Amino acid sequence: MTLISDKLARFTTMLRIRMVEEMIAARYDEQEMRCPVHLSIGQEAIAAGVCAAFTRSDYLFSTHRSHAHYLAKGGDLPGLIAEIYGRNTGCVRGRGGSMHLCDLDVGILATMPIVGSTLPIATGAAFGSKLLGDQRVTVVFFGDGTTEEGVFSESLNFAALQQLPIVFICENNLYSVYSPLEVRQPARDRVALAAAHGITAALGDGDDVEAIFSLTENAVARARNGGGPSFLEFATYRWREHCGPHYDNDIGYRSEAEFLAWQQRDPLARTERELLASGELCAATLSDIKASLQDEIETAFTAAREAPFPDESTLFTDLFVPTELCVQAA
Amino acid sequence: MTLISDKLARFTTMLRIRMVEEMIAARYDEQEMRCPVHLSIGQEAIAAGVCAAFTRSDYLFSTHRSHAHYLAKGGDLPGLIAEIYGRNTGCVRGRGGSMHLCDLDVGILATMPIVGSTLPIATGAAFGSKLLGDQRVTVVFFGDGTTEEGVFSESLNFAALQQLPIVFICENNLYSVYSPLEVRQPARDRVALAAAHGITAALGDGDDVEAIFSLTENAVARARNGGGPSFLEFATYRWREHCGPHYDNDIGYRSEAEFLAWQQRDPLARTERELLASGELCAATLSDIKASLQDEIETAFTAAREAPFPDESTLFTDLFVPTELCVQAA
Amino acid sequence: MRTLLYTEAIREALDLAMAADQRVYVMGLGVPDPKAIFGTTAGLQAKYGPQRVFDMPVAENGMTGVAIGSALAGMRPVMVHQRVDFALLALDQIANSAAKWSFLFAGKQSVPLVIRLLIGRGWGQGPQHSQSLQATFAHFPGLKVVMPTSPYDAKGMLLAAIADPNPVVFLEHRWLHSTFGHVPPEHYHAPLSQALVSRPGSDITLVASSLAHIEALQAANILAQHNISAEVLDLRSIQPLDRETIHASLKKTKRLLVVDHGWKSFGVAGEIIASMSEIAFTDLISAPQRVTAPDHYPATTPAHANLYYPGVAEIVNAALHMFKRTPMSESDMQLTIPLHRDVPDKNFRGPF
Amino acid sequence: MRTLLYTEAIREALDLAMAADQRVYVMGLGVPDPKAIFGTTAGLQAKYGPQRVFDMPVAENGMTGVAIGSALAGMRPVMVHQRVDFALLALDQIANSAAKWSFLFAGKQSVPLVIRLLIGRGWGQGPQHSQSLQATFAHFPGLKVVMPTSPYDAKGMLLAAIADPNPVVFLEHRWLHSTFGHVPPEHYHAPLSQALVSRPGSDITLVASSLAHIEALQAANILAQHNISAEVLDLRSIQPLDRETIHASLKKTKRLLVVDHGWKSFGVAGEIIASMSEIAFTDLISAPQRVTAPDHYPATTPAHANLYYPGVAEIVNAALHMFKRTPMSESDMQLTIPLHRDVPDKNFRGPF
């Protein structure tokens, strides 16, 4: 019973991410979301499967491509959409746009677009948790390209040295922008690389939300019990262009055939099929779910578009936190 | 016959390094060598064994601890000593002191004290050789601590990706300054780490100059034939303090017992014993060799001490190379 | 007169440099991809092959070291980062290695390396994708730092930078990419060390570079309507700083206003004011002033762009203030000054 | 009056901060080793345990990220690098992450992080171990950058920095480590934003910080013998820059001479001169001047130290020049000014 509803919950998370990002894509050309957006359409299973294994108070960090992680961890939807619209009601009041999200209520500390930068920061948050004994586990999402940055190794080394409660999630979508893996890395195995750092590491199917969840659940349990860090890599594929709302298989860096083969494996459709086949979900419920999500999403977009821009007077604040005040998560 | 004389040559290289560095140690407290010195006493077999596998035109890079590498590769002795004395006759005219050596005649491009900084530069020199097809192989020496820097991974990744003609030599002397390995790295295996980057990797005994030589010879042959990079780690021990001429087992970061156990394994004494036992060397020849080295070394020190300091007018030059002129190795 | 886009000028420089010198190669994230660094590397891989025009791992510090090492071995690398912000990851290799190499090795070796760095702005680039870090690089002795404004200089200075035996940081503002101007087809060098008097004048000297220089020229037009004759200097090179040309102008105009898009404090504008206050104090008849970005970051929201970035109006008003004139009225401004928003004006095909 | 060495003052601040606040920890290469960062961390690991006082891997950028992350999670990290030069490896995390965090996240989070950076000099430190990079850090909005001169301020400012919710770059000159002065035993804060008038005077204002401030005080003594009354300001904080205190002094003295050991161009001295030229132009009666390191690197040879580093003589002569007096003769200098060499004078037990 719990299992069934958990699986349905994960499906709904994926569906919600897909629908939110499709709405962003649909409206992006209106030029009212005036910031770069990096969509995770096609990659939703990883966000949904991974985040289901964490609790609300656990910490999450991510990159430029983070809407899915933010939503899966429970981040506030209106706050996300308003942020992309640059409004005062955005989760960071229009400061950061799509690439700098946070929602402290659910442990989302930061997403940042400098490739690799959140890896050591996430490691440090896990280190803080260890020092404080607060029982939190940290998750950090990043792409295949990110494993080329020196801080990737530096972070793994320290996480292993200190046996930190952290789970590194690598979403290998085969590309860094338009550059395929083979012009950036030798035919090496990133799982072996993480393992060589002394970290428990595994490779998973990025289209199978249940497998992702159970691999992550193990990693989280180990971390929570002092068993140290894990590294999980999931094979996946980004359907849309690197940055922006469109498809771009025509521009020449990847083939339509490659795209179509991956689209066949659509993690969302796959789970939907499974749920319908097993009877855990019926067509009517599905359309109810979709309708209510559609409602929620439209409300968020409407609210964002109606929300005020930040007032002039607030835009030059917060460079420093007042000395008396220090907002820390703990 | 060639084998015998090669082995003797490698012994002589070790002996020469030992005697030069002991002279530096003996005279350092006179306060005329006014720059930090990092001695390789105890680690000579690695420099001697490795460099014997390279030719004069191959490139060498090293770190703050590089006298041994400089000498083993054929670097000019008077130029080294004068450089440490800050004289105009130094190999870089007093600009760099002990930590910034070069001798372009024998392929020693640079030694640098920023930990890790020469790793990617050496990788780049090997890349240049590949692009130019100049048949050179590059060797880069570094310590165990250096493998913690992000550029270590970045360099290995690119070297493996491009199958570059480079040999990475890690001298694991168990410490970075006074910090033991176990406070800096998990109980990981750096050889596995390099292998996980797709690099041929092996661990060797840093006290056995012949084993070091043959491991390196294989690596150099592979690199020269387009077989790509290698990583070799050698277990070794620094006898003196991290920086400076003295012993420091009393200050508390390592035990006298540990030091004595390693000193027992003295690579120089070991080779001397072997050579004497096999008859490749007799006591008389040995003392001749020592005497002539002593002579050479004293001459270099005397010359350095008598050499002029750089003239005022030359010290503010060379910030830029004149636009018409560009000195490149090729 | 042949005109090219700024991006085409850059591309032509790379093409000519690679054709002329086998040692030149171009590397950077996205260099051979379909977008070709906003077109500046388009077609080069097809022409010169993947050995000389190639992508790289996402590893800025390491790959800068690789570029340096290959330069020592005889190559002439041109490295490019899509944003200057990413170069902070490589500052160790840029400032500790490349900048110091020639001095440290007594001129026996040098590092002929060009690093193209693109400055972003607007459309939600935010604090990590829109920094103007010219002062950061210029402070380190041993680096040449240039910021060409015109397509002519972009081509000529890039060719000069590639021919130069020293490390050159070459800063391109993204908003200049879509400007166009006269660019002769042949191989030529523009100097890496000289400011240009881009508009002669007699009452005040405006010193600026890159996008700010275009705004300074627009400001000069408006000042002319107020009967103020502004001499405009296109700095072109930040390091070395052409103090002579600035001083010569001040002898005539006696007033100095510097425009720079970097942060105010410890920036390029400050250095120019400081140098002139030292050496031209008696020439000046009023306090030198600067118009810069504030000591703050721009939010991604478009609501911030107009407030954060200084523009033509701020330059005009700063100048008027130096003549004790009243600032332009809001309505005057609306009429004469294109409102700069978070993207360059669609009609803006520059350079003027 | 209780006197302590500068290093002891630092150590006492760390000790008091750790005793007062469980969240404070100290990390850096060598922190718990026998040399204990020149004594500044001596005994702390024994007292507070290896969880709060510890060594780290040689990985400056990553470990700065770790410090930032732990700060977000509730800790108060104090990080230390034995040379400021190594921090260039970490500039991405310092400038792109820590400096921008509070603004980016709308003040909902901040990064209470102190980074102690030691400035080296002499005994063959060479170009990669002796940089004075205060301007590099100060240019990035969002960082506080301080350079205490006296042991009193070293302790009080370090305690204030640790209590501050923002990232603070704390620069210690190695040559100050062996100076001593009055340091009260209790827990106190010295401000992170205010310059100090360390010697009142009426004819010229000397502004300096850290080791340069001590030289400025010595220069003031000598200037007094020439009947020039110099007011000396100990800057203490570079960012924020206390322009008010400097301006107030200039209103009285009307002459400005800035001393800084960083490179001349795009440096701290330039910013001070620029700010004052902008806001105090009419107060000044002669061209403001600066005495700085040249735009060059020091060789390791001791033959370079006397030539490279500016010192008391250069300050005195620059001031005399501003009064159109003849410079001191070589022999006068020999008599009055301790020759600074490549190590601090053995008898120099400071602070004066």
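Order as written gives the chain letters A, B, C and D; numbering starts at 1 within each chain.
FYI, contacts are C-beta pairs under 8 Å (C-beta built on N, C-alpha and C of every residue); 3 or more make two chains touch, one makes a residue touch a chain.
In this text, all values refer to a predicted model and were calculated from it rather than measured experimentally.
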| item | value |
| --- | --- |
| Between the pairs B-C and B-D, the one where more C-beta pairs touch | B-C |
| Longest centre-to-centre distance from subunit D, chain (CA-based) | A |
| Subunit B-subunit C separation of Cα centroids, rounded to whole Å | 42 |
| Intercentroid distance (Cα basis), subunit D paired with subunit B, Å | 36 |
| Whole-Å gap separating subunit A and subunit D, where each centre is the average of the chain's CA atoms | 42 |
| Residue numbers of subunit A (touch at least two other chains) | 93, 95-96, 100, 112, 114, 148-151, 153-154, 157, 161, 183-185, 319 |
| Where subunit D touches two or more other chains, by residue | 56-57, 59, 61-62, 85, 89, 92, 96, 103-104, 126, 128, 141-142, 295-297, 299 |
| Subunit C-facing residues of subunit A, complex | 34-36, 86-87, 90, 93-100, 112-116, 145-146, 148-150, 176-179, 183-185, 251-253, 309-310, 312, 315-316, 319 |
| Complex contact set, residues of subunit B against subunit C | 59, 61, 92-93, 95-96, 100, 102, 104, 109-110, 112, 114, 117, 119-129, 131-132, 134, 136, 150-151, 153-155, 157-158, 161, 317-323, 325-330 |
| Residue ranges of subunit A touching subunit B (in the complex, touch as defined) | 148-154, 157, 160-161, 183-189, 192-193, 195-198 |
| Of all residues in subunit D, those that touch subunit A in their complex | 25, 51-52, 56-57, 59, 61-75, 92-93, 96-97, 101-110, 112, 141-142, 144, 163-166 |
| Residues of subunit D that touch subunit B when the two form their complex | 29-30, 33-35, 54-62, 85-86, 89, 123-126, 128-129, 294-297, 299-304, 307-308, 342 |
